[in-house]
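Shared between the two complexes below is subunit A, which has subunit B as its partner in the first and subunit C in the second.
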Partner chain A sequence: MKLLRYSLCVPALVATAHATQFMSAEQAQRGFFPAADSFLEKKLDLSTDQLAQIEARSRTRMRLKRFRLWEALAHGQRVGVVIVDEVYGKHEFITYAVGIDPAGKIVGIEILDYRESYGGEVRNAQWRAQFVGKNAQDRLELDKDIRNISGATLSCQHVTEGVRRNLALFHAVFAKN
Partner chain B sequence: MQSSQKIEVRRMRPYLGTFVDVRVSGLNERNAVAAIERAFDCVATVEEKMSAHNPQSDLGRLYRAGKNEAVNVHPWTYRVISAAKKLHRLSDGLFDITVGDVLEEGGFLPQWRAARRTEAAGTMADVELLDGNVVRLQRRVRLDLGGIAKGFAVDRAVEALVEGDAIAGCVNAGGDLRLFGNRAEPLLLRDPVNPARILKAGEIHIGAAATSAGYFHRRRKNSAIVTPLVDGRNRSMLNLCDSITVLASTCMWADGLTKVLAIDLQRGAVLLDRFHAKAVLLSGSRKTCRLLPEANEGIRIGI
Partner chain C sequence: MSYQSLVFRIALVTALSITAPLLNVTQAQADENLWGYVYGTDTLPKGGTEIYNWLTLRTGKGKGTYRGWDEMLELEHGFTDRFQGSFYLKGRSHRIADGALDEDPSRTLDRSLEFDGVNLAFKYNVSSVYKDLLGLSLYLEPSYSRIHRVTGERMNQFGLETKFLFQKNFFDDQLALAYNFTLEPEWSKFKASGEREKELELEHTVGASYRVLPNWFLGIEGRYHSEYPDFKGREHGAYFLGPNIHYGAEKWWFTFTYLPQIWGHPHIPNRGGSNLHLGEHERHEFRLKIAYVF
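Up next is the complex of A and B:
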């Protein structure tokens, strides 16, 4: 059996933007909590106290006060929570979902949409906004937390941060209930 | 439900500090999802056992073990360390996994060392492989499998897909990829000077490709710019300006060979032959593309 087959050409710029949808939010919900019979969408307006609590616990900044999440229900009982969030890297825009069980444990992380940006998009205000308030200490903090083998790309670090933030959000909103 | 229909299923999850994209075709949805799940389990095992960032990994356990203490590691960790020793030997010491302390000092790995080191750094000769997946370190060594473990993870994930009876599939861990099933996949590379620009350098049908480039990992160390690439011969960190892609039959060797080529092009070119591998080099500063081992002269390209 031939183990390597390829063809090479003179490298040329690829003009088309690259975007992939891996899963829908519904597919991710069912994948995380197959026992659930329904998913109840909730829109949260976080209080100043909750925001402060989340920022302290996750050691990240909260960009938004409004959050959208789904409660996974089985026979009326909450069996988990699914949060869909977005992150921006240097060259990627990523939508991901995280499933958290009632004990606050992550059951899964799935990338829903992955989009490559080409030059212009990185000048967009939201992309720049992610660096507001960041300092050298934040960066060191990040390096300590990212558990990887080789270097992490910026957007992957942001997913790690985002998951931490979503866990803190779960604790701030659901833990005492 | 389309559960019995054979479709392509694709999933992506964050692992190994990057995004791992797994694609499979020729299975119904349920079997495809199950095969992908097993592929991700393989990647998760590699991350758990071979991360130089995680103190609970096999590498962390080896680091904390006393001198000459036998440590039982995961069979996969054992395999990757064996392969690393082989590449170390074949590259005359240029490829080296005992440079974790250099990367720690450069800020690429979290600090594990409590005090300033007083003893000399261990070398590959201090890493002993004993029977039964046992590793023994004769001196304290901080191992870093960054140059090879990601490729190994991709290979194990591909194996899981093949065992799941998939007709074709592809696993791509942030540019380290392997595919099977004879379906063409474009080989897309980033322009090393402006990584937002994507270049198409060809197609792969079967086999693996891995790329090493410094664009996402540059850091300032004292007054020099460095990337997490260490020459094992003098334990110095280098600034990798070019993009180096190796095509080989397995992703582990492709991954490891990119590091050898990045450190010493001539030495690496000799090894390519031995592994029946090919390389594509994009030089950012000279704006040239070079193919190894075929062409000696660089082709000027409009990047």
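Up next is the complex of A and C:
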């Protein structure tokens, strides 16, 4: 009872966390591939071999076996792929989208949902622009070929690892197609 | 709650609430405490500011009635992305009766919350737990206290707490492990007796915390605490081990830890808990931290 009484005496601390959606998946798709006339949704169930290949190439852990992506089509031809993924933030998930062209190079990344009070600098356009043109052969490592944002290290690290994982996924699923 | 306690608490909250916005806050960012006693290696980024309320209840001497409440209000600010400073205002209250203190069984005290002293703390992050092999931070906390932690006696005590903080995370930072090594020399002078004391406190603390759901972390933490009077032989030592829970949201977080003593030495005869040291420590400690992120 005393504990409760003490706790009630602290400043008004209760605030509700809320998700901030900066962009929808559809908006990201059209931003990455404006020439596309349709986006075909696919749900990929990765095989054990594919999972192992992606983990080895990306040097990350595969948390999920199922991925959601869209093929960008122009006059029936695939002009790119958009993958929507989540990585851990400090408290919740950071939802982001990656656009990859048919050659396996990144067209852009967009942060769709960010639910944290900190580390939001990963939305910075200059920081995200570092990824454009990278492919699965690139190292994509913080403080090496990707600049870290001091004070937002956790978000930078997890988004960088996520992008690396998505490039490896593209390579495993589409590279020979 | 007495009128005096209420005034003290309002003064603390008001002082820190006024000070925080003056610190040119440019960005809200949390140096969250996943544990109640163990420190992680994160520092606030430049411009980040938080206010914490720490509340610790220590109770159980194996005899009589003993309750010690320690309260701290902390204002923490990031001066660079690697260096932060904190200012603490401390309060303390005691309820001691029925022979609870082994060294002074006749002592009784029923004192509500009073101003205890101030601390400063500085933390420097050497390596990042998120991108380096191991997170490492250095921590220094000079302190002044005017109420004895165990007996409630009036005194003047100066301390200098030095910590080496290590942290390693696993599974995309879902699991965090931390270890702290702490040394704290203290110099005290008791007002009633005029007696002077100096001693060294040595502490090892370890913690593990796992994110079980978005926003929610469950953990465990352990603490070994020992004291060396006159900086010589060990007088006593005690081990504590217990669970904690942490919740973090966008603008606030809390951490609650229950840390019972599991073994201590020397044992004091004719008291419950034959494997515990209930002289300088208690059987149970509870700590609640609540923080507001500016």
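Just so we're on the same page, the second predicted complex is superposed on the first by the 125 of 177 C-alpha atoms of A that agree within 3 Å, B and C clash if a C-alpha of one lies under 4 Å from a C-alpha of the other, contacts with A are read in each partner's own complex, and residues count from 1 in each chain.
Criterion: a contact is a pair of C-beta atoms (placed from the backbone, for glycine too) under 8 Å apart; a residue touches a chain by one contact, two chains touch by 3 or more.
Quick caveat: nothing in here was measured; it's all calculated off a predicted structure.
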Contacts of A:106 with subunit B and subunit C, given as first, second, both or neither: neither
Which superposed partner A:114 touches (first subunit B, second subunit C, both, neither): first
Touching partner for A:62 - first (subunit B), second (subunit C), both, neither: neither
First, second, both or neither for A:22, with subunit B first and subunit C second: first
Contacts of A:159 with subunit B and subunit C, given as first, second, both or neither: first
Partner chain(s) touched by A:51 [first = subunit B, second = subunit C, both, neither]: neither
On subunit A, positions contacted by subunit B and by subunit C: 2-3, 5-7, 9-11, 13-14, 18, 90-91, 116-119, 143, 148, 150-154
Subunit A to subunit C touching residues, read off their complex: 2-3, 5-7, 9-11, 13-18, 61, 63, 87-88, 90-93, 115-119, 142-143, 148, 150-154, 157-158, 161
Touching residues on subunit C, where the partner in the complex is subunit A: 1, 9, 13, 17, 27-30, 32, 45-46, 48, 51, 53, 55, 57, 69, 71, 78, 81-82, 128, 130-131, 171-174, 211, 214-215, 248-252, 286, 288, 290-293
Touching residues (chain side subunit A, partner subunit B) in the complex: 2-14, 18, 20, 22-23, 31, 90-91, 94, 96, 109-111, 114, 116-119, 122, 143-144, 146-156, 159-160
Residues of subunit B defined as touching subunit A within the complex: 10-14, 16-19, 21, 33, 46-47, 50-54, 107-108, 110, 145-147, 149-150, 174, 182, 186-189, 194-209, 216-217, 228, 247-250, 276-278, 280, 282, 289, 291, 299, 301-303
